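The structures considered in this document are given below.
Here come two complexes built around chain A, the first alongside chain B, the second alongside chain C.
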Partner chain A sequence: MTKHEHYEALVVGCGPGGAAAAATLANQGVETLVLERGTDAGSKNVSGGLLYGEKSAPYTLDTLFPNFREEAAERPVGEYYIHNVAGRQVKTFDLHDIHHRDTEWCDAVLRRKMDSWLADRVHEMTRETGGGLLTNVRVNGLLRDGGEIVGVTLDELDPITADVIIAADGVNSELARDAGLMDWEDPEDWFQGVKAVVEMDPEVINERFGIDDDEGVAHLFSGDLFDGVRGGGFLYTNDQTLSVGTVFHLDSISEEQAEPHELLDNLLTHPLLDQWFQGEYEEREYAAKLVPDSKKVAHPSPHRGRLLLVGDAAGQMQAQGPIIKGMNHAVTAGGLAAEAFQEAKTRGDTNAAGELYERKLEEEGVLAKLRPKRYRATRAVSESSIVNKVGNAVLDSPVGSVGLKAAGKFGLLEKSFNSPFVLGMIPDTKMSYAVIPERIGEVMGTRVTDDNTVEPPELDDRIGDLTYDVDDPHIELQDNSFEASGTAVTACPVSAEDFGGGCYREETIKTNGGQEKVVSLDTQPCVECGTCAVVADTHWEHPSGGKGVEYKQG
Partner chain B sequence: MPEIDPTEHEIADLGPEVNQIDDEQELEEMLALEKGGEARDAVITLIENRLDDVAGEAEDVDPAGADLTEMTIADIANMVREVDDVDVLEDILDREQDGKDRKGAKSQIESRIQSLEGDDGEETEVEYVPPEEKYPDLDHPTADKQYVEGTVDGDYRDMWVYCETQQGQLVDVSREMLGQARHLMDTYNTEGDPSEGQYGGDEDGNPEEVVAVLIGDGVSELAEECIAYGADRVVYHEDERLERFKHKPYTEIFCHMCRDFEADWREYHEPRYNIFPATNNGRDLSALVQGELDSGLASDCSDLYIESAMISNPAKTGTPGDSKEFDRILHMPRPDFSGFEYSTILCIDKPHRDFHPQGASVIPGTFDMPDPDHEREGEIVEHDLELPDEWFDIEIVESDRLDDGVDLTGNDVIVSMGRGIADDPTRGIELGVELADQFEEADLGLSRGVLTASYQFDSHVEQYVQMERQIGESGQEVEPDVYIAAGISGAVQHKVGMDESDTIIAINTDTDADIRDFSDYFIQGDLFEVLPQLTEALEEGDFAEAVAEVSDD
Partner chain C sequence: MRSVVLTKGVPDFREGQVSFDEDGHLERGKTPTVMNPNDKYALRAALQTKVRQGGQVSLMSMGPPGYAEILQEGMEDVYADDLYLLSDREMGAADTWATAMTVSTGLEQMEENPDLIFAGFKTADGETGHTGPQTEWCLHINDEMPEYPLITHVIALDVDQDEGVVRTKRLVEGDISEIETVETELPAFIVADPEFEPTYRKAEHRLRHKDFREETQQRASEFAEHLADDSEKEMTDWDRFTMWNQEDLNLDPDFIGLDGSPTIVSGVDPIPKAPSEREAQLVEPDDTEGMEDVLEEIQPYAAGD
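This part shows the complex of A and B:
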């Protein structure tokens, strides 16, 4: 085999998972090279924005990176509410308990700022070890020698080999796919998150949310806002913006042929939000990304040979009811993977890193959080549609609402929302996301009388406001029939029915003697969310280093 | 008793713990415990490694006050390597003499002092042994190459620039390189500060030249232009067999010109500097020529400058530990890792082997295009050499020139079609072409929406549906007198390619289409009906009237 440039450790991706892995490796003096496809770390990344520092976590960003919270995060978030919405009826619960459970701190973050801050430190730290951080490079696959994984191949550079490869390349990890550890087949395994960053003066935020400069709030939304699509909405306060977004089950978006941007608009224009917008709305950025559902896809053995997966790449994204914890688990996993390698190295057998990493995930209780046994046990029944129907019937009957009222009176509902046990069990059915909250709102809620007059931008303007450096198409349609790929026309967050400016467009072409409905694809407006990799028949890759969309907020 | 008793822990848990401990004492105790217990190899290695690290850190002592008796010879060697102050070193030496007085330690300190003091006439030169003698067991592919070890202290002058041509014209990068060469050599010939690249000419104070090289068929016609762009002298070789770039004859000719060609102005061994364009052909030629001349090449450079350089590599200076200043060094920065890092390459003679010409290839566009000075004077020299037939064994049997592509700029009128043609894409394109045909200087443009659609076009219009007709952000930007947008919604990415047009006429069924906001005339209607009407009106000569009549704005 030809000799390639070699490092002790390669880390692919500089999100929270990659940054934590690289910092831990560098602390141990391991020669580490970090590869990031964005033109700047964070330029590809989106999250809703609540980063948890869990008390039980062995690694957190503030301990790995001094001053992280002061310099890279937005506001610490202390208050946490969920609004159950039925039309104008809204019932609000305070989720203080669940939010603060096992929480040392919780900050709202914007990923461009956070990740690029981390990247600067990572670069400094890894430089000391003889490595460093390279941006604008995309890893496009694994390098194998006689079937063994020995390194990575890249679009921009010659292949690089290493004793360990930590893939922290996020959701739609090309490395996890290449290693056969993940596939992108089943919409049930994913959520789709869509978000708008909305401009607001810090003083106005303080005033309208009733907080101080160094305080923040989180609001969650569920109920009948989203046309029956399973999922919910969120609003978090940043320093001088709000992050407002939605997270839905991808299978539900697909089945309902829902338009994600419209669902976001449903939230943005709901009367409840008038108290905060008061008729003013300036959107800084529209963004979207898939989110793995750890309950289904957290890989119990996320390694193969020298390759260790961390974070979203390994499916380690925990949706604990309305609480979304991905970044913190990515950090923990990154730290553990690095630690596993260092230990394997001290033992003189770097090949043992994967096994050690797996054991650590188990021992640190990470896996138990990601894939609760309770969920595994209840899922089979609670997601079947029969149970659902019975549930619906109960809720529609007068007894159902009396029951609810009673439960409400004794605070039982609020309690069960605040119970990690119940949240871990909550089945992913329409009932838990839409029907129950809607009934709660209907039965127990108070009426919102405000009128929300804001007009969020149209999709073409949202696309127009994004920054792109476009290259050759990075997604190929394998089958352009509407049956195979038509779902993408609606599910793609930058496409829509009857919209010529999106990625996926429905078209009718004349064939011999008939007409055929097909879809065409233009990847220029693509925000690389990963949705069509799952819901359409495509060959899906990320764009080359530095190409494609560039988020300024994230 | 240390905080952690290793014998009570699994090795897996010990790794991170041990690596946190900074106290040597504690580590020693742990080591003792482990040795007294199970004495697991891995644990012992772990703790010993950590001990080494911790000890290493502790070594960072102030050399001036270091207690030498506590240090090993290796420690002292490491320490003095960092010290640049001879007085401090003398003091260390004295203290070692008064202390343990180890021979090894003293020689380390002395050699450091010597290397810092440098030229005191007593330096030990590395003895030169030709590689064939030094390593008799290896094969020496260059042993029979007279130039490799042959040339020492040769005579080198001038900056040679290979001026590539295409279709009988200089390519832009040739002009750019001439401009930069002129600038560099003007500075070089100026009396002044060597660190600024000013040497006042060669070693004897005579100015050196920029020599342009032209090879090809009929290239002598370009010689004057080379002078206008900065050459002092142009050497050309023309022959019809050189019409296309061919490795063998081009390399042979170039090497002959700059090494073997006898001319009164070329009384030197080889050029001092050779500059090539980093084009496809230039890359090939530069590598072949510099290889044949047994020198080096920095390819794909993104800057060039001449300066002196302090070098301490003994392979270059001939004396270990000594730094030496090299004059007139071409600095050749080039991107590594495809541009993620930069290195500056220097090509420097060794004591027993010269590395000249210092060669570089330059990325096109690196240097600004200079303004030609047609008054400039220079010498034009024809290179005479019989070109043997064997050099032309390779024959080009077929060649194709890629289309220049469609250039939409410069038209009076552009008719652009958008996804409004969806109902009958072929007819839509036909209508656009028919309308454009009514004008003298007009052409067809397209929105990206059409180009990325799954529309099927009949073969006679397919030739029009080409990416190069795309107007907009990722296509062409045009500003004709009249821009007709039919079935185009006016997305901002399309708009930036056409909104400088004098008059914009939009045809769209949707009165809310964005394009209306920046159109001078908006015709609400089906393009399949409106376009034929416009074409017809034009045939009759009253276009303006027709537009005014149907327009809503």
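This part shows the complex of A and C:
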């Protein structure tokens, strides 16, 4: 075998998971090279925006990186509410208990600022070990020797070998797929989130949300806002902006042929939000991303040979009702992966790192949070359509509403929303996402009388406002029949039916004696969320280093 | 590996910077002077050599003392370990020949002979492309200096220190469609083409590049501060900046500057004004009818579609 450039540890991706892994490795003096495909760390990253520091977590960003919260995060979020919406009827629950459970701190974050800040420190720390951080470099696959994973191959550099490869390359991890650890076959395994970062003066934020400079609020939304698509919305306060977004089960978006940007607009234009917008709306950035549903896809054994998966790449994203935690788990996993390598090295057998990592995830209770046994145990019953039909019927009946009222009176509903035990087994059905919240709003809610007059930008303006460095197409449509790939026209967050400026378009072509509906693809406005990789028949890769979309907020 | 890169200050011809008078003559006083853009490719080639082979990169220019800022720009935007300015009134108004004479003497004056000398492809103002090759010729006739084989239009290069050679790819006839590979022994004289692209295929190289970029920016801002300092300090008090005058170089005034320049400029054509792209019609605010026409014209665009 030819002699390749070699590092002790390779970390792919410099989001919170990669940064935590790299910092922990560097602290142990391990020679660590970090490779980031964005032109700057954070330029490829999107998250809803709440980062938790859990009391029970062995690793948090503020302990790994001094001054992290002061310098890289937005506002600390102390208040947490969920609004159950039925038309103009809204019933609000305070989710204080579940929000503060095991929470040391919780900050709203914007990923470009946060990851870029982390990357500077990571470079400094890893440079001292003989490695360092490089941006604009895309790792495109695994390097194998005799079937064993020994390193990575890259677009911009010659292959590199390493004793350990920590893949923190995000939800669309090419390494996880190359290793056969993850796939993107089933829409049921995924959520899709879209988000608008909305400009708002800090003083206006303080006034309209009733908070001080160093305080923040989180609001969740569920109910009949989203045309029956299973999911919900959120609003978080940043320093000078709001993050407003929606997250839906991808299978539901696909089945309903929903347009994600329109569902986001449903939230943005709902009367309930008038109290905060008051007719003013300036969108700084539109963004989208896939979110793994850890209940189903968090890999119980996220390693193969020298490759260890961390964060979204391993499906480590906890979304159970109003508990939405991803970045914190990625940080913990990153720290544990690094720790596992160091231990394996001390024992003189670096190949044991994967097994050790798996054990640590188990021991630290990460996996239990990500894949609650209760969900698996109750899923077969609670997600069956018969049970749901009966549930619907009961909720709609006078008896059902009396029950709800009674439960509301005794605070039982608010309590169960605040119970991690109950939330851990919430089934992924329309009933839990839309029907119950809607009935709660209907039966118990108060009427919102405000009128929301804001007009969010059209999709073409949203695309136009994003920054792109367009390269050769990075996605190939394998099967362009409408049957195989038509869902992408609606499900892709930058495409829409009867919209010519997006990625996916529906076209009718004349064939021998007939007409055929096909799909065409133009990857220029692609935001690299990965939706089409799941819902359409594509060959999906990331663009080369520094190419493609560049988020400024994230 | 010791590299020296040659550069020149030129008017900043970018739109919004450059200023022409009504006759189409360049208004030198109103147009800022910048480092000749083509020379940055040469500097990048030198930096690539340093990243891969180590060593030192010096940046040299000839011009008035104010050209220290040109050198500072190169140091900031690309890279330089140290800076050399050949400056003397006697050197003023030199043509390419007298310039080559002066610059080659400056190269000779350096403590050690460079392994590689880099020049850019023609300046933005003179556009002759002569100074680089003529400097090489002056080195050739200089008995004190080794031979520097000249390779022009270089778009990629790699130094093999063990073999003592430099391998290059160059454009034939300056055309990207035809590329030839040329190898020569060190030392050598390289003229970088604007198509030159540094390549860094190793992480180690990119990391070093990142270090060097950080260092040179730090140095450049130090130098900028030094230059901006109005106190008694001399420019040359900064230890990475060397300035040589005619006496330092022991040059015969008859062979440099205007006196040493055989070139006669027979005439200068003003740069023709570009035709305006749109037809404009002047409407005064009190011209009611005219304003109504304006309104009618712009209304369809104001609707937001």
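Just so we're on the same page, the second predicted complex is superposed on the first by the 554 of 554 C-alpha atoms of A that agree within 3 Å, B and C clash if a C-alpha of one lies under 4 Å from a C-alpha of the other, contacts with A are read in each partner's own complex, and residues count from 1 in each chain.
Note that contacts are C-beta pairs under 8 Å (C-beta built on N, C-alpha and C of every residue); 3 or more make two chains touch, one makes a residue touch a chain.
Since the structure is predicted, the reported quantities are computational estimates derived from the model, not experimental observations.
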Simultaneous placement of chain C and chain B on chain A, clash or fit: clash
A:L33 touches, of chain B and chain C: first, second, both or neither? second
Chain B versus chain C as contact partner of A:Y7, first or second or both or neither: second
Partner chain(s) touched by A:E156 [first = chain B, second = chain C, both, neither]: both
Which superposed partner A:A298 touches (first chain B, second chain C, both, neither): neither
Dominant contact partner of chain A by residue count, chain C or chain B: B
First (chain B), second (chain C), both or neither touched by A:G131: second
Which superposed partner A:I205 touches (first chain B, second chain C, both, neither): neither
Clash-bearing segment of chain B relative to chain C, given 292-300, 310-318, 472-480 or 526-534: 292-300
Footprint overlap on chain A, comparing chain B with chain C: 134, 137, 156-157
Chain A-facing residues of chain B, complex: 11-12, 15-16, 19, 42, 45-46, 49, 53, 337-338, 340, 418-419, 422, 448-449, 452-456, 474, 489, 491-493, 514
List of chain C residues in touch with chain A within their complex: 200-204, 206-207, 210-211
Chain C-touching residues of chain A, taken from the complex the two chains share: 5, 7, 33, 35, 123, 127, 131-132, 134, 137, 156-158, 160
Residue ranges of chain A in contact with chain B within the complex: 28-29, 134-137, 156-157, 339, 342-343, 346-348, 356, 359, 460-461, 464, 470, 480, 500-501, 505, 507-510, 518-522, 524
